[in-house]
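There are structures below to look over.
Next come two complexes, and both contain subunit A; in the first it sits with subunit B, in the second with subunit C.
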Partner chain A sequence: MNLNLKLKSPVSTALAIGVGIVVLLGYFFGNDPSGEATTLGLLRAFLLQGAIVWAGVAMLVGIFNLASVHLAKIRANEEASYSFILLITLIITLGIGLYDIVETFTQQEINFQRTSWIFNYIQLPIETSLMAVLAISLTYAAARLLARRLNLISVVFVGVVLMLLIGAMPQVAAQAPILAEIRQWILRVPTLAGARGILLGIALGTIATGVRILTGSDRPYTG
Partner chain B sequence: MTAANMNLADLIGLLIGFSFTIFILSYILGDNFLFRFATHIFIGAAAGYASVVTIYNVILPQLIFPLMNGGQGEMILTISLLIPSLLLLAKISPRLSKIGNPAMAILVGIGAAVAIGGGIFGTIFPQVSAAVNVFETNNFLEGAILLIGTFTTLLYFQFNSKQSKNQRPAIVQATKLIRWIGKAFIAITFGALFAGVYVAALTALIERFSFLWTFIKELVLPAALG
Partner chain C sequence: MTISGLIGLAFIIAFSGLIILFTAAKREQPESGLRKIPAFSRLRRAIGLAVEAGSRLHLSIGRGNLTGPESAVAFVGLSALEGMIRSASTGDNPPVATAGDPSLAILTRDTLSSTYRDIGNIEHYDPTTGQLAGFTPFSYAAGTLPIIQDEKTTAHILIGHFGNEVALITDASERNGDLTLTGTDNLPAQAILYATSEEPLIGEEVYASGAYLNAGPMHIASLRAQDIFRWVLIVVIILGVLFKLAGIDQIFTDIFGGLL
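This part shows the complex of A and B:
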């Protein structure tokens, strides 16, 4: 039998499998019968703490990549004005934040007033407004669903949405308690059943993906 | 909210918040440069804010301060965290990107193990245990619907079964029916999720209109009318 195994990035693959197995075994053998952490448990805790740090570093690398992509767009004069705005905002926010951090440590007192100002008056209004626009987009999407794909499933979907929204209105619940009861039943029985099935499906998919990584079938870290 | 009891920074902040709200809501009329301007500002500010939070809460206390003030044992542990961190930084450069692969592999390996553990202990065990105990808390009909709903929804996700030519038509029909029932339960669940998201979005819309009206009533109108 000719296996013809062509292993790409053997060091990275061995590291991913080894570290993953240690963390996974730590779930089962992390504590001895008296509840004390075993060596495996301590190693797992260290790796999990490390994962937090490395995820933080990876996020900074991602943000640097975002900045470099927009810098390249400016150089290529491709929607340069928007990229310029993004970069300037990023640099100003980062600069103000770093200034707040330095001041916090030099004055031995937490002081993030300037960063909080950016969060409260720039990020929060934009985020909430985007959420508000979503209300209109969702209404439009639901109307389009019925117009474009009128079948029993789409009618069930829109019917459930309407029933849940109408049943949630206090005036309706007072005038027609049956509607509020139907709403409760929909949430308690069929919605729960579907959600449970979806959750189990997601969990099985996640486990399958994790196992593929831990067996080296998937190597998303190469490249 | 009156101009008299506010400092200049808050006043400017409210004006900026008012402007950005109008810019974003202008999307209702269609994609335009005001909306794009606001979203790019948002991405820049969010990325900057996320960097600051990461540096303050993770990088400084876990990587920098232990090296400066920690004992010998703490320093060794920190150096063992620092080496993969430095390797990860190589991912910034496309030429040096491969140097960062081992560090990325460690991160992915830990992530995969945590995902498996979370999936088993956080979802499969509790959900299966709840699914098998449905008849304890519900009446028989509700329990049966819950069980059928869970079962058919789960079966709907099975995409790998190929239909062979020799398969009996009755089995094909039964599979189709089961998957259709699963689809109906998924439609109900997504309908409930849609309604929840819609109510949250509607609340945000009402809050934004309330903010715009309060801003105009308390700050713009008094200034305009003298």
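This part shows the complex of A and C:
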């Protein structure tokens, strides 16, 4: 029986499958009847903690990836101005962050004021502005939906959105309580039922993906 | 171990058994019986056009955390990336992939390099085609926009975990007149993508990407296993409703209540 398993790097594949099975079994047999952690449970916790540490290390690799991609863009002279600004701000932020860390260690007192200032007065306002742009984009998209895809589902989609928005207005709810009740019913019955149906499908898909990785059929890593 | 834990384990074992069984049984005609999903037909056409016209495909696997449940949909995105490279590797502009999580960005580059090596085309692999677009939701969206606005890119496949910020990406894509095929595991983002993208994948359709992009017989087998378990769940839900209506649900609560 050939299952098309990609076992070109048997060591990494065996390691990944082994760790996956231990973590899965640790989830089910991680505690004994008295609630104490079993050896399998402890092993699972150790492996998961290791994964979290590796995810932290990946952050550093990610920064190098970001820098290398934008350096390559500057060299190729494509979108060079944006890449240049990104690299300069990355260096400045990194420098300020390191300065804050050194100061924290030398003064034995937590002091990340400068880094916090960057986040509170530069990053946060920019992201809030993008949130505002997002609100406009969504309104525009709702208006364009019927032009792009005119079918029964789209009409129901737009109709329900309008009904929910109107029903959420306090003045409307006060003058026409039936609209507020319809809104509540829509949220409580069809929306919840639909959401649960979609979530069941997603759960089955997630299990299928997990099984494929556990059997080595999907291998999103090399070794 | 509780009864619910035992049921969960039995569920996973049965699911794995069915997938292996279907993989072994259906190896000869792997694609037979797949229902038509227009989004994947359009994607195949877009891949063909990209190869012919020398344009570029962009795939984004979102910003899910590798240690969380949202990583599953990102792995589906990686399978789709592999399928795309295999189909479009001969084009002038190789596909580009973005991620919003550093661990996923590493896996993206790994998938790119290993697939190019697999198909004996490693000289086409450009390390800068696997990119970390940003660390926060909005910086990820902002980092993806230059790729969307690139004239050479004509189709965007967004398969992964996204939040509301995905509307900025699909909006930019629409203004460029590009094809946008999207699928995610996040419910609010699904609603947004239904309204903003040209070809949205609803619910579990996103997990079928591998099967439709020829990622292997096990993808098709897992689709069949999902179909069977979906029917099992439907029967269980209907039985639960009938028991509740008949007023005999209390018996089950009395029997299993203490064990669950």
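Everything below uses one rule, namely that the second predicted complex is superposed on the first by the 216 of 223 C-alpha atoms of A that agree within 3 Å, B and C clash if a C-alpha of one lies under 4 Å from a C-alpha of the other, contacts with A are read in each partner's own complex, and residues count from 1 in each chain.
Everything that follows uses one rule, which is that a contact is a pair of C-beta atoms (placed from the backbone, for glycine too) under 8 Å apart; a residue touches a chain by one contact, two chains touch by 3 or more.
Remember, it's a predicted structure, so these values are computed and weren't measured experimentally.
Of the two partner chains placed by the overlay, subunit B and subunit C both lie in contact with A:200.
Comparing subunit B with subunit C, the partner in contact with more residues of subunit A is B. With both structures placed on the common chain, the touch criterion links A:150 to neither subunit B nor subunit C.
In the superposition on chain A, A:80 contacts neither subunit B nor subunit C.
In the superposed pair of complexes, A:217 makes contact with subunit C only, with no contact to subunit B. Common to the subunit B-facing and subunit C-facing surfaces of subunit A are residues 24, 48, 51-52, 54-55, 58-61, 63, 65-66, 68, 82, 123, 126-127, 130-131, 133-134, 138, 142, 157, 195, 197-202, 204-207, 209-211, 213-214, 220-222.
The touching residues of subunit A, when paired with subunit B in their complex, are 9, 11-13, 15-24, 27, 46-61, 63-68, 82-83, 85-94, 97-98, 100-101, 104, 115, 117-136, 138-139, 142, 152-154, 156-161, 164-165, 168, 186-207, 209-211, 213-214, 219-223.
By the touch criterion given at the top, residues 1, 5-6, 8-9, 11-12, 15-16, 19-20, 23-24, 27, 65-67, 69, 72-73, 75-76, 78-79, 101-103, 105-107, 109-111, 113-114, 127-128, 130-132, 135-136, 138-139, 141-142, 146, 164-165, 167-168, 170-171, 174, 185, 187, 190, 192, 194-196, 198, 202-204, 206-207, 210, 215-219, 222-223, 225-226, 229-230, 233 of subunit C touch subunit A in their complex.
By the touch criterion stated above, subunit B contacts subunit A in their complex at residues 9, 12-14, 16-18, 20-21, 23-25, 27-28, 36-52, 54-56, 58-60, 62-63, 77, 80-81, 84-85, 88-89, 91-92, 97, 101-124, 127-128, 130-131, 138, 142, 145-154, 156-157, 182-192, 194-195, 197-202, 204-205, 207-208, 211. Within the complex, the subunit A residues that touch subunit C are 1-4, 24, 28-29, 48, 51-52, 54-55, 58-63, 65-66, 68-69, 72-73, 79, 82, 123, 126-127, 130-131, 133-134, 137-138, 140-142, 144-145, 148, 157, 195, 197-202, 204-215, 217-218, 220-222.
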